[in-house]
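Please find the structures below.
Across the two complexes that follow, chain A remains constant while its partner is chain B and subsequently chain C.
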Partner chain A sequence: MRYLFGNGASRLAPYLLITPGLFLYALFALGPSLATVVFSFTDASGLPKLPINWVGFDNYKEFLTLGAAARENLDALVRTLIFSVGVTVIQFSLGLFVAILLNQGLRGTKFFRTLFFFPVILGVTIQGLMWTLFLYPIGGPLATVLDWFGLQSEFLGGQPREAFIWVMVVQIWANMGITMVIFLAGLQTIPDEIYEAARIDGADRGQLFRRITWPLLTPSVNTNLALTIIGSLQAWQLFYVLISYRPGTQVLGYVVYATAFGQTSGSTAGTTFRQGYGAAAGVILFLIVLAIGITTQYLLRRREARLLG
Partner chain B sequence: MTALTRTAPVTRRRFGWAKLAAYAILVALAVVYLAPMAMLIITSFKTLPEFTRDAISLPKSFSIDNFVEAWNKASFPRYLLNTVIYTAASTAIFVVTGTFLSIAIARRFVRGSGFLFTMFLIALFLPPALIPQFQLILRLGLYNNPIGYVMLFLVNPIGIVILVNYIRTIPTELDEAAAIEGCSYFRFVIQIVIPLIKPAIATVAVLHAIGVWNELILATIYLTKADYYPITRGLIVFNGIYGNNWPVLAAAVLMIAVPIAAFFILMQRYIIGGVTAGAVKG
Partner chain C sequence: MGKLIVAVALIVAACGGGATSAPATPAASVPVGETAVPPPTPALSGSVRVLIHQNPPFVDFMTAFNKTFEANHPGVTVEMEVVNANDLMAKTQSRLTAQDVDVIDIFAFDRAVQPFMKNVEAPGWQKLIDAGLLMDITDQAFVKSYDAASVADAGSYNGKVYAVNLGRVGYSGLYYNKDLFAANNVAVPATWNELVAACATFKAANIGCMTAGGKDGWPIFVGAYGLLGSYFPDQLGLVQGLWDGSIKYTDAQWLELLGKYKVYAGEMIEAGASGIAGDAAPGRFASGEVAMQAGGTWYAAAIDSLSPSFKWGYIPFPGSDNAADNQFMFGKYDQGWAIANDSSNKDAAVAYLSEFSDPANYQAFVDAVGPIPTQPGATLSTTLGAEIAPYLATFKIGFENYWLGPKGAGQYATPMFTNLFKPFGTFDDPAAAAAQAQADLQSGLDAAQ
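So, the complex of A and B:
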């Protein structure tokens, strides 16, 4: 658009005003983000005095092929995918289902919406501690309930597989609200008249959903899938709060953090900060996110073209 | 008319069952959502022996001893003050710089506006900035320094995207009218655009503030001195020390959760508006 607020020096006014914001973005977000790739080819550590050397693809080779650690890394990679698929499928379906229920004009809708969204803003610390209490294995609340039925479980302290599933549960509990409100906003854009017309034509509930709701919800479906897939691939902070770095449970995001900031195997200080290696792990995670992201975008576009023409 | 009266009762009865089922599902889910929260509240009023005997039963007396103990032993006032300072400082700087940036980009007042907007849009997909950011702060000598910590939260690409999309909905006739009146760019931005985009600014400020308030990992990486801890880090450390004394720990968690809940209820419109902004448009 044409600039209307004078020429010469006053033409520079908008440039002047964007400079601080742009500078901060370049320095603290975009720059470091791209520099991750550069760092992944070095042996950078977390200590300021040590020199940084180029090591080529060594970090990548080590991460993917060297001994037991590499096997653990590949396990973490598989686990990340399992976590992401599980969380995405359940959070997406549950969010859609709840949004549809809350779009029926039922009484108390506002209460349910507020309640289901509330965990989102509590943040991982409170989410995590709340569930740590709830799942406290020795006489904790859920343990007591299980005890009534003669059952018991160690929950987060149990076998890696069990702990992992509980983290998934908390992750979905914590973030389903986001999916739900995005679907609700989408549902509210569908005019009632379309449903009325279809009902007059004798469409049943299933047909209303398949022929009207689902196709017209495409923009929210796309947004939610993208957000949930990317979010769950990168998620790891609840692992940190709920079970910390435990063998057999880590996901890639946690591996990046733990190797770069020396918090592997529960120890928190004194261990090495392998930032170059951590950066390589970060780039690998990024490439996975990118590949999955592009594939889903492609599939969603094709679906959108088919549905909406 | 006759056709309507004939079918109406049938539909209504079917709808009644569906309604009941809908409520049953919603209530069941509400239990899952409320249970951990309710247990936190109940536990915070119990004594430790009471909790050990029966974790679920209601407390015998509603004593606030746990709260007093948590408040005193967890350095709460200090951590809370730190969190407030970090949140306020970073949100203020981000909102001011971000608003100026978004106006120019939305109105294409600067060259390469489209490119700049794309840069913010793709930020979500880029590799994590964690490691180089750490190297940067370290080399600036701002590691373990509150100023360095605040610097980590001065940008928020999603906030820019929300602002730009909102500003684009304001008719450009406004710009022309202002220009004809001989308004300068600065006055146009401050006196005309900013008052009009207040709801979007509020949304972005609230979302950003929540993010900073809840941050745990960056606080763990960057702040090792206890005096600088925000409340999240303070809680985790407190958890390490009081790991088995759940009543006191629950009281500590609750004291942080309640203000957030109050804030959420007040600001719900802005928060949910921010989350759904742009989502429907796709």
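So, the complex of A and C:
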């Protein structure tokens, strides 16, 4: 039998080549992840010299069942799912629409492609700062426009539902460029001859999209859905930068951060360093992402097999 | 698993090389005491890594002080990092854990667990000490520069001193624009009804009633501490009452108080205040666009520095219709200094705080930042000092510094810290807000049983 890298000692080459990557993955991803699971069963504070006691499932019980705080945690879970569905549907649709437009070969395509992708390269802090200025309620750009119509809003500092929607808007604005680029790459792999043949057979624009573009974009659709769903389930940085702690706005990712690092307010203000508890919240979030991720992947792969064989 | 914040933060903290950026522009105009302590022997060397919270007058003062300290100790460099006050505790934890900080700015040791509390988390400062991360400074000479009460109340734990506190602050007050009041023929309000009437007058003249730095969340309701104080002058008693059930948010007294919260949020605070950052609020007030600013005494230095000719006054928030109830200023011990127990340059860190604590330097700090001094010989000879002088004799430590909520309590269990009413919160009805607050608190109290 002949191996790709040759016989004898050369057969070890692939393993040697992936060793650095595996080492880094174990060091920076797998190891801390496993440690987090272990921490979630302790009362670890994150401070180096305090004793760490094994508390079993107490952190999980507290997070899921203890008093009104548990109800708020479940509210945060529901909010996370709403955020994920909203962001995924809009970002996916918008990214596809923009990619199709930019794939028409119209003038200015490169400019608009750069423009739409630009937010992706900005850090979360810069994105947050830009939108904070844009939404500044006293004389800010949008406030001025609203004022022309006799309207007024506190935007990010007002009603929690409105603030939450604004974070969704910023999340979509910040990440739509990636969705667009993946779709553009997918669109450019579809040969023109297929469209040409379909047109000769009398297919209209709708049929071209339904019968050719959409099925052949399946790999891009799968990639985009997976990235957007997982990314939106894990989102918390924009909540932190744009609105920080506010009742009625937290998503699960923010709750994890807040409980572990003391960014809470209200009844728990001043109590900090509950990293065991925060780790339990993180594991719960991980399990939710895992369940949704695996289900999504299963459905998407089944669809891909059905469409593309 | 990108959400594995715990481990990632530890790694990031461990990899963090040090610190950080000193403010780029020294504030040469900030006076630092000229009688600074001469360099001790042997000569110090290395760097002193200092962590402080954002407060522009304080940052300016420290920038100037650091230059003086470096000049006095040619072998020493000061690396100062400035973080938002909301992030100070998390940053403190990271840098203490990573052993890359020497001197930390730490808020007073408040929110200690009271005997009547059950099922609560110990406050962060206590955990830092229990973890052995703060140096025992009991025997350091500079501690004796501060009054014994502040050392005992705000920097001690289990009989040892771990921090010196730099001053008390009042947080239940109202700044008012003297010229606007005079121009609109409005008397300084001494009661709630007078405050309501004053707001109506200013709004009729197209002047905002009051502002606050709402972007940071809590400053919106700093003024409400005064409301609370006028109803419950015994703040520790209030906390105990809420814990033992003898006081409930649904009591008639609280319903009346929450009704005033609603007026405060909806009719007094100017529209759009939720976008104003805490350190930008003094600028908004000094601009003359609004007649008043609800806020603590820590804003005074910024107001003065923005507009030295601006005439302002500071009064306790008049929350009651009985003027006698509105004579109390509530506040807390504020920022202080501690030394990292794992500091690699303890001698320099001690020298740094010794020099800061030198009476001349401390007085310069008080002049620049404006706390109510905790060194016996220092005086607050600023506009603020004159304004709050009548209230110092009855100064009270406020609710915030006693309160810890039981585990399991909901987010409205402490309505002082949340933006309850529209347009900043969701509630429109005081009775509904009271019911929610009591349910959230009761849930935690039941869990504690």
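Assume the second predicted complex is superposed on the first by the 278 of 309 C-alpha atoms of A that agree within 3 Å, B and C clash if a C-alpha of one lies under 4 Å from a C-alpha of the other, contacts with A are read in each partner's own complex, and residues count from 1 in each chain.
As a convention for this text, a contact is a pair of C-beta atoms (placed from the backbone, for glycine too) under 8 Å apart; a residue touches a chain by one contact, two chains touch by 3 or more.
Here the structure is a predicted model, which is why all the values come from computation and not from measurement.
By the document's definition of touching, of the two partners only chain C reaches A:L156; chain B does not. Shared-chain residue A:T36: touches chain B and chain C both. Of the two partner chains placed by the overlay, only chain C lies in contact with A:G67; chain B stays clear of it.
Judged by the touch definition given at the top, the superposed model places A:L129 against chain B, while chain C stays out of reach.
Once the two structures are superposed, chain B and chain C can be ranked by residues of chain A touched, with B on top.
Shared-chain residue A:S10: touches chain B; no touch with chain C.
Using the contact criterion defined above for the overlaid structures, shared-chain residue A:T295 touches neither chain B nor chain C, since it reaches no partner.
Using the contact criterion defined above for the overlaid structures, shared-chain residue A:N53 touches neither chain B nor chain C, since it reaches no partner. Judged by the touch definition given at the top, the superposed model places A:G186 against chain B, while chain C stays out of reach.
Once chain A of one complex is fitted onto chain A of the other, the partner contacts of A:Y245 are limited to chain C, with no touch recorded for chain B.
Overlap of the chain B and chain C interfaces on chain A comprises residues 28-29, 31-33, 35-36, 39, 44, 46, 48, 132, 136, 140, 143, 234, 253, 256-257, 260-261, 275, 278-279, 282, 285-286, 289. Those residues of chain B whose C-beta lies close enough to touch chain A in the complex are 19, 22-23, 25-26, 29-30, 32-37, 39-40, 43, 51-52, 54-56, 93, 97-98, 100-101, 103-105, 107-110, 116, 119-120, 123-136, 138-139, 151-152, 154-155, 157, 160, 172, 175-176, 178-179, 183-186, 188-189, 210, 213-217, 221, 232, 235-236, 239, 246, 249-250, 253, 256-257, 260-261, 264-265, 268, 271-272, 275-276, 278-282.
Residues 1, 3-6, 10, 13-15, 17-18, 20-22, 24-25, 27-39, 44, 46, 48, 97-98, 101-102, 104, 106, 108, 112, 114-126, 129-134, 136, 139-145, 173, 178, 181-182, 184-186, 189, 218-220, 222-224, 230, 234, 237, 240-241, 253, 256-257, 260-261, 275, 278-279, 282-283, 285-286, 289-290, 293 of chain A are the ones touching chain B in the complex. Those residues of chain A whose C-beta lies close enough to touch chain C in the complex are 28-29, 31-33, 35-36, 39, 44-50, 62, 66-72, 132, 135-138, 140, 143, 152, 154-160, 234, 244-248, 253, 256-257, 260-263, 265-275, 278-279, 282, 285-286, 289.
Listed in rising order, the residues of chain C touching chain A in the complex are 1-11, 86-87, 89-90, 93, 96-97, 110-111, 120-124, 127-128, 130-133, 214-218, 270-276, 284, 403-414, 417-419, 422-426, 439-441, 443-444, 446-447.
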